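We call the chains A, B, C, D and E, going by the order they appear; numbering starts again at 1 in every chain.
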Amino acid sequence: MKKALGELLSGFVSLLTGMRITLRQFFMKDVTVRYPHEALKMPKRYRGHIVFVRDAESGKSLCIACKSCEKACPSDCIVVDGIKREGEKRKSVTDFNLDFTRCSLCGSCVEVCPVDALEFSKNYNLASTRKDVYQIDLVKRMEDGPK
Amino acid sequence: MNEIPGTTFLLNVVFAVSLLATVGGAIIAVLSQRIIRGVCGLALCFIGLAGVYYFLHAPFLALMQILIYVGAVCITIIFAVMLAEPDEAVSDQSSASSKVWAALALIACVALGWGVASLALGGSWTVPAQPLANDGSLRAMGIALLTTYSMAFEVISLVLLVAVLGALAVAHGGRVRS
Amino acid sequence: MNNPTFYDRPAAYLILAAALLAIGILGFVRRRTLIGMLISGEVIFAAASVNFMALNRFYSPDPVAGQVVVLFIMGLAAAEVAVGLSIIIAVYRNYRSIRSKDVSEMNG
Amino acid sequence: MSFLAFNLLEPWPEPFRLFLYLAGVMAFVGANAAYLVWVERKGAARFQRRPGPTEVGPAGLLQPIADAIKLMSKQVHVPPDSDRILFRLAPVMVMSPGLMCLATIPFSDTIGARNLDLGLVMVFAFGSINVMAIMLGGWASRNKYAIISSARIVSQNVAYEIPMLLVVITMLMITGTTNLHTIVEQQAGGFWHWNILKVWANPLMPVTFLIFFTCMLAETNRAPFDMAEAESELVAGAFTEYAGMGFGVFFMAEYANILVGCSLATVLFFGGWQSPIGVFSGVVWFLVKLYLLIFTVIWIRWTFPRTQFYRLLNLSWKILIPISLGTLMLTCVMLKIF
Amino acid sequence: MLLEKTNLVKSGDNETFVLNLGPQHPATHGVLRVKLTMDGEYITRAEPVPGYIHRMHEKMGENRTWAQFLPNTSRIDYLSAMHYTHAYVAAVERAAGIEVPLRAEYIRVITSELNRISSHLVWFGAFILDLGGFTPLLYAFDDREKILDLLESVTGARLTYCYYRFGGLCNDVDSDFITGTKEFIEYLKPRLEMYRQLVTNNIILKKRLEGIGPISAEMCRKYGATGPVIRGAGVACDVRRVEPYSVYPELDFEIPVYHEADCMARYLVRMDEMYQSLRILEQAIAKLPEGPIMGKVQKSVKVPAGDYYFAVEASRGRFAVRIVSDGKEIPYRLKLRAPSFSNLSLFEEASQGMMLPDALALMGSLDLVIPDIDR
């Protein structure tokens, strides 16, 4: 009887302790970021989909269309094509298509690139109702891009 | 009484609704194919009956009717229905002989009801010269229960106790978990 | 009509009681399952209660007596339902049926 | 509003009063049920350190309306195997007890829909219909989760009705009346007159209140006793098959029942509209007490995990009923002595 | 008719019915289906039906190069991605004889333990959610968010890290990460104490977990259950100690063991493991040496023909990778031994005769990750 009552009491105290803790949390500040109104800064190494690195001088892509990334990609989502133009040492890229629906953002392409022509974008807002939004043409994107 | 002429009419309507609920509920209770609807009909009948009690100047009884019958009896029956699932099959109701029997039963019951009603109405009830001093309130009832009817009260509590124990014993007897 | 309040006349209640009795007995005859019969029994109880109340209200000097009796009926009905249902459950456990016909076949 | 309708309409004939207070109570219950959802969501958010609803209206105040519009625009789907009539009847039935019970709650000395002598009995009588409604809804759905949930609801409510009624009987012995208005009047003159502190009638009065409160949580299917819709076990319990407003009504009924339960607790234990210092009594105090209790209910929900079903029944049969019987006896003795 | 009926009774036909728990059910946390045969609320038989999200990770491994399989390892058990990558990378390193620099090993331990804490925090929240408490879930996610931020700053991803490489790591950690981790350690300690008061001591939770769902050490051996499940059954079986790998032998930590073998024991094992992980983190950060993070690796890894095996202690138990190589640049056979699968397989036996809510508490205490079961 005494033991049962003691248990009842300690149980009740444990409930009150829990309620005290949640009440303390009640008066604390929110921890959430109200996403569409404010957004967090993506960290330096954030792995978004890939984009071309722009050559500082020419403003063109560094890509030499060597197709290493195409080979390294585990999901077969990159298709690269390039031509060798007159007067240039290396091939230059004409076509770089990323099928983002299949990309697993592993970063193999960036790592394998011999000329460091690829980098990750910081773009995380990728929701869409249409599939063709995810067929990213990196060449076109760079040409249209602001920088 | 109220001066507004509509009041009596409204009360009549409420009374009629109670009567309708009682009789309709009872009919659903005994005639519906699915037993669960029967129980709902019973609940409706009891709620209507509560209204009738209210008109008979017994509000406490009306509330008790709801509390005990709707809140306890009906729910217990539904619980039993859940456990035993006795949905009556439609097939064995529609054979020709059963139809005849059903008609006979109906006629017999209507006759019975008619007979009882006419007996009740035709009987010469002695109207008391003067009502008793008590007002039939909850207080008066409590006093009566503990004085005049104390024996019956005790017996009823005993019956309930025995019923609970008996129900436990009977229900437990069938429950042998391996 | 000299008395427009028909809720103040005993006839309404007495007819109601008779009707409930008839319905209850009809159900008792018609129903094939034990639970159905129990429900019909409740309706008959209700008929009795209404009669008690009505006669008490209109023809008795003591307004308490009827109420007390009906309270007793309620207590009895509750006890009846408790025992009845436990028996039904027990029957169901043993015979897998609660039809009165099936159960009566099991005699012997 | 219902509480404006009392003195003003005293000379008015009964049917009009009846109609008006019905409308008032309905409005009060409706507004509360809708906005308690908002309070619950905001409260939960605060306990979890989130902002909660913010987008619809200032501080998300229009959220309940948006929710209602969304629920109403959804298809009312009745499962093909279900019992159609009962399936649709259940949501209608589930709202009625809340409305009926609130009619007898006195909000203040002059504000109250109906001053019934049997107010307390009435609350319990109509409160019992609620169980039947949820149970029928679960049964009619013909869904296994719903049926399990129905069975649970019945056992739970039967088990908790007993200690609750025992507590109420204790209260009846102390107050000597079932008229809620009179019960509140007895508690006038400062918080030391409230029933919860009436230790000369029963030294275990706070315990009695705790039992009442626990039973109320269980009867209204609130966490930690929300066996009926234990979402991690039974998906949504009895309401699994309900969509759109059918579900919405069940949802609102839960809040209506909480409203009734907390109102009753306020009246029985916390002196209703009586102010804690003895002066300036009024409807404000009733509402303050009521919403503090409701806040506690929400607070409890967002703090504790759910109990196990058989532990819930054990709690009732092995702890609450013996203790409440004990307090009942104690009250008998104390009342006889003093 | 009479005979028929009595036969029915005699043949033990009880009032059972089949309840499909899942594939979509709040308690299974994914697309797991459990076919329950129930007698009232008692479970007479619980048959797990996995396979709804089977993705053929093992077969995929046989169709791509050694390095190309790396991203897959994060996606088997998405909650302890680091451990899984670790097992695969270490298996290949063992096979190809690749040396890993010490700094890289320490960083692997640090990130792995952070990942273990975050995984246990998710489990903690989800488990309490299974038991009907919602708020601890969001507190746990708040803490986990801090870990994810730390790991994201290093690896660039929040869940599927793919951080380890054959011979080392792809990125070095910076001082921000180190200070951030130190701060986090100090932050989490009072939080764990708060969880103890709010949840562990709570009478409702205690009553729901104590004595519920006993899983003996014998049953664990029978089904190959590992991790917190076997440690909750009183066996101090932890790959970090039994088959030491990486730099774990140099670190001082305890293996929490409870002998009650019930849900509470498994719960407490995980809660204690978070403390132990914090201890490991403190030591590893203190000992973190300077140096390179990549060993000498040829451009495309070639694994000599043979049969190799490597196991790590993932959050849910022993995760092992077995690779069979025929010397080509793609694996001949890749076998993943996932802990959740073994842990789930004992559910059928352990849940017999339990009530539904208890069985769900048991299932929660096993900490199942459905993609880990299906692979």
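Here, a contact is a pair of C-beta atoms (placed from the backbone, for glycine too) under 8 Å apart; a residue touches a chain by one contact, two chains touch by 3 or more.
Everything numeric here is computed off the predicted structure, so don't read it as measured data.
If you take subunit A and subunit B together, the chains in touch with both are D.
Note on connectivity: the fewest chain-to-chain touch steps from subunit A to subunit E number 1. Listed by label, the chains that touch subunit D and also subunit E are A. The chain occupying the central position, as judged from C-alpha centroids, is D.
If you compare A-D with B-C, the chain pair joined by more contacting C-beta pairs is B-C. Comparing mean CA positions across the assembly, the chain most remote from subunit A is C. Separation between the centroids of subunit C and subunit E, computed from CA atoms only, is 62 Å. As a whole-number value, the distance joining the C-alpha centres of subunit A and subunit C reads 73 Å. Rounded to a whole number, the gap between the C-alpha centres of subunit B and subunit D is 28 angstrom.
As a whole-number value, the distance joining the C-alpha centres of subunit B and subunit E reads 61 Å. Looking at subunit B, residues 60, 64, 72, 79 sit in touch with two or more other chains.
Counting only residues that touch two or more partner chains, subunit C has 94, 97. Touching of two or more other chains is recorded for residues 47-50, 151, 302-304 of subunit D.
Put simply, subunit C touches subunit B in their complex at residues 4-7, 10-36, 38-40, 42-43, 46, 49-51, 53-55, 57-68, 70-72, 74-83, 85-90, 92-94, 97-99.
Taken in their complex, subunit A has these residues touching subunit E: 10-12, 14-15, 17-18, 21-22, 25, 31, 43-47, 72-74, 104-108, 111, 120. Taken in their complex, subunit E has these residues touching subunit A: 64, 67-72, 75, 135, 139, 142, 145, 149, 152-157, 160, 162, 170-171, 194, 197-199, 201-204, 206. On the side of subunit D, the complex with subunit E involves touching residues 44, 47-50, 144-145, 148, 151, 223-224, 226, 230-233, 235, 302-311.
Residues 2-4, 6-7, 10, 34, 36-37, 40, 43, 59-60, 63-64, 66-67, 70-72, 74-75, 78-79, 82, 137-138 of subunit B are the ones touching subunit D in the complex.
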